[in-house]
Amino acid sequence: MITKEAIMSNGAPSETFTLNLGPQHPATHGVLRVKMTMDGEYIVRAEPVCGYIHRMQEKMGENRTYAQFLPNTSRIDYLSAMTYTHGFVGAVERALKLQVPPRAEYIRVITSEMNRISSHLVWWGAFLLDLGGFTPLLYAFDDREKILDLLESITGSRLTYSYFRIGGVYNDVDDQFLKGTREFVAHMRPRLKMYRSLVTDNIILRKRLIDIGPISSEMCRKYGATGPVIRGSGVPYDVRRVEPYSVYSEFDFVIPTFQETDSMARYLVRMEEIVQSLRIIEQALDKLPAGPVMAEKVPRVLKLPAGDYCYATEAARGRFAVRIVSDGKEIPYRVKLRTPSLSNLSLFEEASAGMLLPDALALMGSLDLVIPDIDR
Amino acid sequence: MDDVLSGDLIYVFAFCLGGLAFAVGPFVVVHLLSERKTRNYANKTDQYIECGMEPIGDAWIRYSAVYYLYALVFVAFAVDVLYLIPVALVYNRVKEFVIRDFVELVLFVGILSLVIVYAWKKGIFEWKRRKATPNS
Amino acid sequence: METPESNAQLLSDCAPYVKFAKLDELLALGRANSLWPLTFGLACCAIEMMAAGASRFDISRFGAEVFRPSPRQADLMIVAGTVNKKMAAAVKTLYDQMPEPKWVIAMGNCAISGGPFVFPGQYAVVEGVDKLFPVDVFIPGCPPRPEALIEGLLKLEEKLTGKRRWPTVKPE
Amino acid sequence: MTTPNEPQPKVDSLPPANPAAATASAAAVSAKPVAVASPQPTNPAQPLAPPAPPPPNPLAHLSLPFKGVDYKAKGYHCEATVAPDQVVAVAEVLDKEGLSLDTITGVDWMVEGQMEVVYDYFHPTKTLRVVVRTRIPRDNPEIATIYKVFPGANWHERETHDFFGIRFLGHPNLTPFLLPEDATFHPLRKDYAA
């Protein structure tokens, strides 16, 4: 670890200068500012400064009823909006002990997994953009448009779906969606082979990612990092398996885990997760039961019994948890949103000390950050 | 000074004038066509670009020497290419000197590429910093 | 000396072969067909802006796919997302650093009026980018579809050149 | 205004409050804090079924006042209500146990004149979700930082300080995290006027 003293004791001491990897920067994919103290190309200290897209989601939770807060949940992390709505809706259903019909649970799993694939595709395109390759972004968005068409046909919007409702889903899926999803799964598998030969086996990518930004599982535990970051460090922590919610316990899928702890491991975890999500979608399509998609007697005005209720889901970036503290009224007393990107980024300062600047950007890209997810 | 020489001189002079026009021309055109003033709302128009933030500290500081060595390697090859341009004009113009020209070219470029071998050994391309005192 | 009539006569003779236009119109035509946007994605609308720049919706058909990171090289700022009070100073700085001629597209409800984040007691969001600097084209939507962004670009080109290059789709 | 450490008349609909704020003896961690073991909040909607056997307490081997919680109803496996000065000790014990810090939540109980700070922990390998609650007086909310045990708490504490004004003693850099650098208001306090 290169500390400031080590640099200073370098014979002719070269001064450090402060660089703003500021709010408007192509590599931060949003408005994250990193105040970097640099010595030449080496980073002495990289301190992320957040809050440039703070949109008061938690304050809005305290002056909106449960149903009114749903559109907010899909604007926290707009790339895996389904799992965020699933977290909030799950917490309310847990408090009301509401039984969601099985068909709705299966539809929730299918749409969440498709949303995870579209989120990983955006990450893949943007990450390769950081490393200098522009073509993968075009391939990734071309496939992603197919997912968005399918999700748009049932939810009505491309990105910020408020598709899940308290007690079920907004409307039923028609067989045009089911047929399209099967075609998409069949189309995506050979595409993944092409992605592997185009990018994953590319020597330039391997040189840029292997042994870059090692994050030990101990550091993940100390900072609370979850998702592909902790799975890239050898710990198979996945909320779908550790705290099974919805009907995830009925599918068999593997939690991809790599021991190498470097950026390449996190890259491979996400590419493998796309394959696992395709498997889950296929199994869910085969076992999709008939029946209603909305619980019968959902009270019009929801009044949660007093107390606090948590619900955690596995978003594309990690563990998303909602804590609703209710005092019996129809407006929640406090809504706390535990978002994965905040914890994943909090270890960046320690992980990037002493690295070269381009490697630190590769590390930040491998953390897969969505900045409104950090600032809420 | 017979007229042939002055003809050539005029030709060279015209060529330099053309080069100068290419250099100064855009400034004149831009000055004529661009708007007179820039609208600004926080009068930060002439502040250095730093992702929308106020630059912290000064950039005129003592840098590590690696940048300088990197630039030296570039200069070595820039000069190398400079000499190759006239060679390209007369390359295998005379039929029986074909092999000789090729060997001379390879020799010239070979000697100059020793710079890269030397720089590689010195570890300039890995951006390693010279450690006066071995790092503990 | 030629009389005005013979001048007009001369112009009309070679009208079919030579197109006469004021220099400004020529410049406007060039600028309209090569708007270089500044990569300035803030939130959800940034993903739709990326989708517009990617393969299916492809704004390179209108010469706008070159996203310049540095404000000095961009002439169009697409404000895609929520501008909050901590970010307002940076947004104004970026606007100032862009050389004239520059235009602004406010993409999405957040940039137009603060969008879904306006409620009594809100303390963080600037309600509308036109509070900071003049905006040329507003694109409503949350987030607006990539086609809406392309329509916004065409509207801006119409504002520059006065002519609309694409037939307007009449809602039936 | 009643003095903060004298327990307020509890409104029964509030969650199990623990008035141990100032009166808890600063005994070693293992000593039982003066915690009123409040009854499990029965849900009035349900008919008064025979009380289910108390859910197992996975952290029973620890000497801390943990109570098992029904995961299906609440979303976490066990919780403990501790005095504010024991929070760091509990964090060290849970750190040795191998848990990881999930998040730190502030809740402003203005009616009671107390601020509640809730620490969430999860276990990376075992199925275990732990909640540690503590109550601090509302007029000068101060609590020790657990930054030394969990560096990840740095940002969570700065954010809770932003929203509630809870000062975390010993925190290396308690400047506004999400709010503008010069912000002095705390928006999530119940008495915050725009």
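Residue numbering begins at 1 within each chain, and the chains themselves are lettered A, B, C and D in the order written.
In this section, a contact is a pair of C-beta atoms (placed from the backbone, for glycine too) under 8 Å apart; a residue touches a chain by one contact, two chains touch by 3 or more.
This one's a predicted model, so the numbers in the text were calculated from it and none came from an experiment.
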If you tally the C-beta contacts, which comes out ahead, A-D or B-C? A-D
Where the centres are mean C-alpha positions, what is the separation of subunit A from subunit D, in Å? 27
Chain-centre distance (mean CA atoms) for subunit B and subunit C, in whole Å, is 36
Let me have the rounded angstrom distance from the C-alpha centre of subunit B over to the C-alpha centre of subunit D, please. 63
Between subunit C and subunit D, what's the gap in Å when you average each chain's C-alpha atoms? 50
Could you tell me which residues belong to subunit C and also touch two or more other chains? 86, 90, 94, 121-124
Among subunit B residues, those touching two or more other chains are 51-53
Among the residues of subunit D, which are close enough to touch at least two other chains? 179-180, 187
Applying that definition of touch, give me each pair of chains that meets it. A-B, A-C, A-D, B-C, C-D
Residue positions on subunit C within touch of subunit D in the complex are 85-86, 120-124
In their complex, what parts of subunit A are in touch with subunit C? 22-26, 29-31, 51-56, 59-60, 63, 71-72, 75, 78-79, 122, 125-126, 137-139, 141-142, 144-145, 148, 158-160, 371-372
Sites on subunit C touched by subunit A in the complex: 38-44, 46-48, 50-51, 54-56, 67, 69, 81-82, 84, 86-87, 90, 94, 116-117, 119, 121-125, 142-143, 145
Across the complex, what residues on subunit D touch subunit A? 13-15, 41, 43-45, 71-76, 98, 100-103, 105, 107-108, 118, 120, 122, 124-125, 127, 129, 131, 150-152, 154-156, 163, 176-180, 187-188
If we count contacts the way the header does, which residues on subunit D are in touch with subunit C in the complex? 179-181, 185, 187, 192-194
